[in-house]
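Look for subunit A in each of the two complexes below; its partner is subunit B in the first and subunit C in the second.
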Partner chain A sequence: MSARTKIKDKSLINKLSPAEGILFYGLLCVLMIAVAVPFLTLVASSFSSSSLIRANGARPWIQAFSLDAYKIVFMYPGDMLYSYLVSVVVTAAGSALNILLCAMVGYSTSRSTFRGRNIVTFFFAFTIMFQAGFVPQYILYRNYLNLYNTWAVLILGPVVIVPHIIILRAFYAGVPGELYDAAKVDGASQYRTCFQIATPLIAPGIATVVFYSVLTYWNDPFTAMLYTDDLVPVALYLSRITQYIEFLKYAQQNGFAGLDVAGSEIPEDTLLYAIAIATTAPMLFIFTLFQRFFVRGLASGAVKG
Partner chain B sequence: MTKGQRKENIEHWLLCLPALLKVLIFSYLPLIGLLMAFQFYIPRRGLFGSEWVGFQNFAYLFKSTIASRLIINAVVLNALGIVAGTVVSLIVGLVMFEVVNKVFVRASQTILIFPYFVSWPLVGVLVGSFLSERTGMLTNILYSIGGTRIDFYSEPGYWRAILTVTLVWKNSGLSAVMYYAFLIGVDKQLYEAAAIDGASKFRRMLHVSMPALNLMVVLGIIVSSANILRIDFNQVYFVTNNDPSLYKTTDVIETYMFRALRTEGDYSISTAVGLVQAAVGFVLTIVINYVSKKLSAQSLF
Partner chain C sequence: MNGFFKKAFCIAFALAAALASAACVPSLGELEERYDDDGKQYELAYYLMYNDSNPPNDLKSVEARLNAALKAKLPDTTVKLTAYTIAEYTAKLSGAIAANVKFDICYTSPEVNPYLTNVQREAFLPLDYLLPTYAPETWAAIPENIWTQARVDGKIYASVNEQIFPRTYCYDARNATLITQFLNAAHPGTTTDTVNELGMDAFAFMEEYMAWLKANDRGAGGKISSIDTESALQNWFGYDNLGTGMSTPGVVDIEDGSYTVVNQYASQDYRNLIDTVYRWKSVGYIEEGVSVFDLTPESNWKPGYRRGNILKLSDPHYFTSYVIGTMNAISSTSKNPARAMKFIELLRTDAEIHNILQFGVEDVHYIKDPENPVRIAEQITGSGYNNAQFGWGLGCEFVSYLTPSQPADLWEQVKKINADTPVSPLVGFNFNVAAVKQKIADCKAVVNEFAPAFASAQFKNKDDKLAEFLSRLNAAGANEVVAEKQKQLDAYLAARGIAKA
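And now, the complex of A and B:
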């Protein structure tokens, strides 16, 4: 009994011995540094003098503060701003549509009164298990659906992300059955029950899927790489610039015929880093701001699913 | 069915209809295109005008080194990723749970999740800032120690490790936080009992936390093994900069199919690879769903 009461003092359960403290805090600190150093290097190098970067290489601290790279980035911001526009429109429209469709399916398949729920569930699950791959898909989109180089392909291509249905279904399944009975007595249709009764109750689930969906759309360079020429979202814009700068570096080193860049002072690396930051920083900030909701919902989704 | 039940059922079908149509057109219709794998497909002639060649494309794939290279690369990369990812995120999750200072825990979570939000092209830039031959930080450090300048981008031998490290770096923070979130829900009395018995933190981790996470870990591993031939195209393509000199260890089915569409252009051969990938994935999913049913008394679908 006395041991039991002693344990009530929580600090005794949770207290770490010095060795354990050093080991646990130490491990997390090392990992945090491992995550932070690449970002620090990127930021610091983008603000450094390009000749020093060329001589010493990238370092996680600023070498001779310089804004030259950013001056070039913001001298002709047109392409980058257009990429932002593409990304924002595609992400907003795509996510909204994806969540709407997934919620409707998630709701219906969570209801035992829906006779077709198993067929519908299998219909979607099968697309995870067996995919045609993107060669037949490419031919279909391009030659038969005429989706090449359209906004529609960027928005519709990824829509109905099946794992999102599974997450939402788990949340809808947690809505108390009495509410559905009451809605039925009141003569509410399934549309009303779904949108006005069930969905407001699973706000954390919706928030999780919103976050996931926005992340998926925003960081998807692939759809655009395959299906568009002129619509370049920011993720792909960055990769195009990377390739372009690689090419410039190569040309500078090897003296390309017809390309008079040998010896000219293009701030290749710092420019690349500055563009990397300009294309990713705003959204990373927003993601970090909202990550707590996301993690909470994700954790509960994992437990439920 | 009564009239009310029928009406309800129809309403449910209508709620599912838009998504069903989208998936029917965008995911089921392309399945017809898999027939290309048994053809000598010529775009101009289309699916019904091209010559049928039976299993010739598959024979070519498996006789040449293409199939074995793509499959071995995918399996090795996935195996490394699953093992390293699980070990790291599990250890981090367990340690996070033991750390008492809540402010520190929250700070570490925010930082460790951060890479999950970045795109693979950005990771590619970060990797370049470490490994680029002239200006890379790691290349320079190794140069000052060993005196030789390693050109990582022309040495395929390093890239299995590099791809694994980037994958763990990007995704393990989030998995660790999910393990942590799960442990928060474990019955506190188990930990009190362990403390009464005089268990050290390590024993507590091993005998209380680990068993609680067991099912989650095992399910995670088997689900990822079903995708043993599938790899995130974006990771491989952008982290390696799609450098042809690295294909020996980094070329996977996805990158091969992409090249077929963009440059080399043999639709039939790449559809055949895709079909092999899909078939293997399908069989593994069925097997694994059965195994997980036995393990957890619940099916994944």
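And now, the complex of A and C:
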């Protein structure tokens, strides 16, 4: 967010007087601190000793370095890595398919030459307001599509997200009609017009949807919880660990299941922080790495569109 | 597939499934014939509940060991195990039942995989014929009034598991050393298991402990998070909620022979409870923003359970909701209910079968105590199976092996509590919610809005808020619910010939 503001306002900043500059950068610093401090607190607390966190509360610095929380999160490293693998595959395949389908629907319903576009749009919009609920969906997936306990159910479950269609439809609607006419004159097919003419022009829209779609797939424990027995993505694996805290306390007090946790304390306070880090770290890495592409897409789109 | 058609298909299929299931409900006579065992090779599908956060990694070897043991004990039968964790069990089963998945046995209770809901969905078979025919020991072991408690419209739909039936009020002191020091100093001769014998008010005792911690500056001690309202109302004040849960108004004081249904939230006991919480907060025994406390609510005291930490604060009492707290049901999709019933009987009568499901395979998942054939010495960490904490859900807890920390006469103690505690005459009363279903839901919403905040002293002005709470409850229909409960209870008491005091 801050990067975007910076690029847009670059020319403006050069024109600022020193006093205005100080104010401007001061404001940015305050915003940055407001974002950074909670995050630093999260990271630092996850590496701290649980008893100190309990006594002093969470702080944005490490209190008595300890890896106890991560020892529990990575107690079964094989399972954990397999969960990451499941999540990565499902997120990559699911997001790609999600973008492809949403872009195709968004493109076709945005074209005024498509006569049935209002009816088709209504069909999709209808499902936002009226939902059949869990039971019919379960029956459909399990009995009629035979998707139970398959990779396909994790990928296909959230594959059509209507708000994504609406976002993309609005972006496609902004593409000048003359471009479509020109493409038609040059003999481009509908597919070619969609993917080679219109889609590159709405890169910011695609970037936004990629962002949401990746987050949707990555943070979805429910599809896996309901529809699979053996495939456990990270989101589900970690949500199970939070349930495990209670069990650990119980187990320890009963003196069974010799858990390999240093000391006698279960780091239940820091464990939640460690779980948050384990879920968000890969996303953080990916988005930091690709942030410049998003920014470029957003900026170039703003000029051309 | 696009969203609209997906949903349209769903609706159509759901309707079709509902019609199909409504069309083929056989009469009881037909059912009983269908229930008999044909003696052919059969694979029982058992949805096992697994009391851990993750499903077991090594279910296969447990299944293999179980089937090897079954060869001699239940011929021509194999069991296919599917294990779901407690947290996910309800969702998984609700899906499987909705989709008419073929299975034979599952766990059910008032809360987890809810019994009444599933009976109404016709997910379970009535067992009135099967229980005495194929599970005579189970049928004989459970007292008649507990079977009555499990009846819905006169029929039993699940086999009740034998475990600790009465409930006892308790709190978890968390630190065995500190609580022992306190008891030695303030009440010599009393242990955590005999605090109830002091005859003190439970809250006065807790307050004394917290004051002692504070005065002697033991650690950060002397704090509590909140009072568990449900447990306090039931297990301490002795209010039976007649099976609707404590978040629905309408309870009967089990020690008062007048059998008057009252709104527990309008009672003096509830007002005193809130006053206690607020007093504790004002002196700093309740603190906000801290997640671990020296006293934590625990729903129920049991013998040999976290020895040294759990404060037994009351005497045990029977309550209608908890005598059917854990049960095994047979699915209406079962192709051989008689075989399923025989397996449920084996869980009770055969320690080997029971303990395979509880502890796994000997020397693979656990090591037995060489000196005691019914005690395990160690559960092997990371071995992939540990369902030790599910003994209470496997037919009969009394055949479970003991864990290293449990006393040798644990099951004798539990049996003694079951037998010695006077059974409340209310046990056997089934409240039919049909007439006030919506009002119950409305009242629950109001209770869930106010009660947790009162339990941790969150409201600034408690008197105004309590008045608001009660008027909102009345608006939601609390009085009608109470009246309906009273009406049905009166009819039950009259039919049983129980006189009101």
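Everything that follows uses one rule, which is that the second predicted complex is superposed on the first by the 184 of 305 C-alpha atoms of A that agree within 3 Å, B and C clash if a C-alpha of one lies under 4 Å from a C-alpha of the other, contacts with A are read in each partner's own complex, and residues count from 1 in each chain.
One rule holds for everything that comes next: contacts are C-beta pairs under 8 Å (C-beta built on N, C-alpha and C of every residue); 3 or more make two chains touch, one makes a residue touch a chain.
All of these numbers come straight from a predicted model, not from anything done at the bench.
J.: Could you tell me if A:238 is touching subunit B, subunit C, both of them or neither one (first, second, both, neither)?
T.: First partner only.
J.: In the overlaid three-chain picture, which partner chain does A:140 touch, first (subunit B) or second (subunit C), both, or neither?
T.: Touch status of A:140: both partners.
J.: Between subunit B and subunit C, point out the one touching more subunit A residues.
T.: Between subunit B and subunit C, the winner on subunit A residue contacts is B.
J.: In the overlaid three-chain picture, which partner chain does A:157 touch, first (subunit B) or second (subunit C), both, or neither?
T.: First partner only, subunit B.
J.: One more residue to check, A:71. First (subunit B), second (subunit C), both or neither?
T.: A:71 sits against neither subunit B nor subunit C.
J.: Using the superposition on chain A described above, determine whether A:273 touches subunit B (first), subunit C (second), both, or neither.
T.: The first partner, subunit B, only.
J.: Examine A:111 and indicate which partner it touches, taking first as subunit B and second as subunit C; both and neither are also allowed.
T.: First partner only.
J.: Jot down the residues of subunit A that show up as touching in both complexes, subunit B in one and subunit C in the other.
T.: Correct list for subunit A: 54, 57, 105, 123-124, 127, 130-132, 134-140, 143, 156, 160, 226, 243, 269.
J.: Where on subunit C is subunit A touching in the complex?
T.: Residues of subunit C touching subunit A: 1-7, 9-11, 13-14, 17, 51-55, 57, 82, 85, 87-88, 91-92, 94-95, 98-101, 220, 289-292, 306, 309, 378-379, 381-382, 386, 388-389, 403-405.
J.: Which residues, counting only subunit A, touch subunit C once they are in their complex?
T.: Within the complex, subunit A contacts subunit C at residues 54-55, 57, 76, 79, 105, 123-124, 126-127, 130-132, 134-140, 142-144, 156, 160, 162, 225-227, 229, 232, 237, 240-241, 243-244, 247, 250, 253-260, 268-269.
J.: For the complex, give me every residue of subunit A touching subunit B.
T.: Of all residues in subunit A, those touching subunit B are 3-4, 7, 12-17, 20, 24-25, 27-28, 31-32, 34-36, 38-39, 41-42, 45, 53-54, 56-60, 101-102, 104-105, 107-109, 111, 113-117, 120-125, 127-140, 143, 145, 156-157, 159-160, 165, 189-191, 194, 215, 218-222, 226, 235-236, 238-239, 242-243, 246, 269, 272-273, 276, 279-280, 283-284, 287-288, 291, 295-296, 298-299, 302-303.
J.: Using the touch definition up top, name the residues of subunit B that touch subunit A in the complex.
T.: 1, 5, 8-9, 11-13, 15-16, 18-20, 22-23, 25-34, 36, 43, 91-92, 95-96, 98-100, 104, 107-115, 117-122, 124-126, 128-130, 132, 134-137, 139-140, 169, 173-174, 177-178, 181-182, 185, 191-192, 195-196, 200-202, 216, 233-234, 238, 241, 253-254, 257-258, 260-261, 267, 270-271, 273-275, 277-279, 281-282, 285-286, 301
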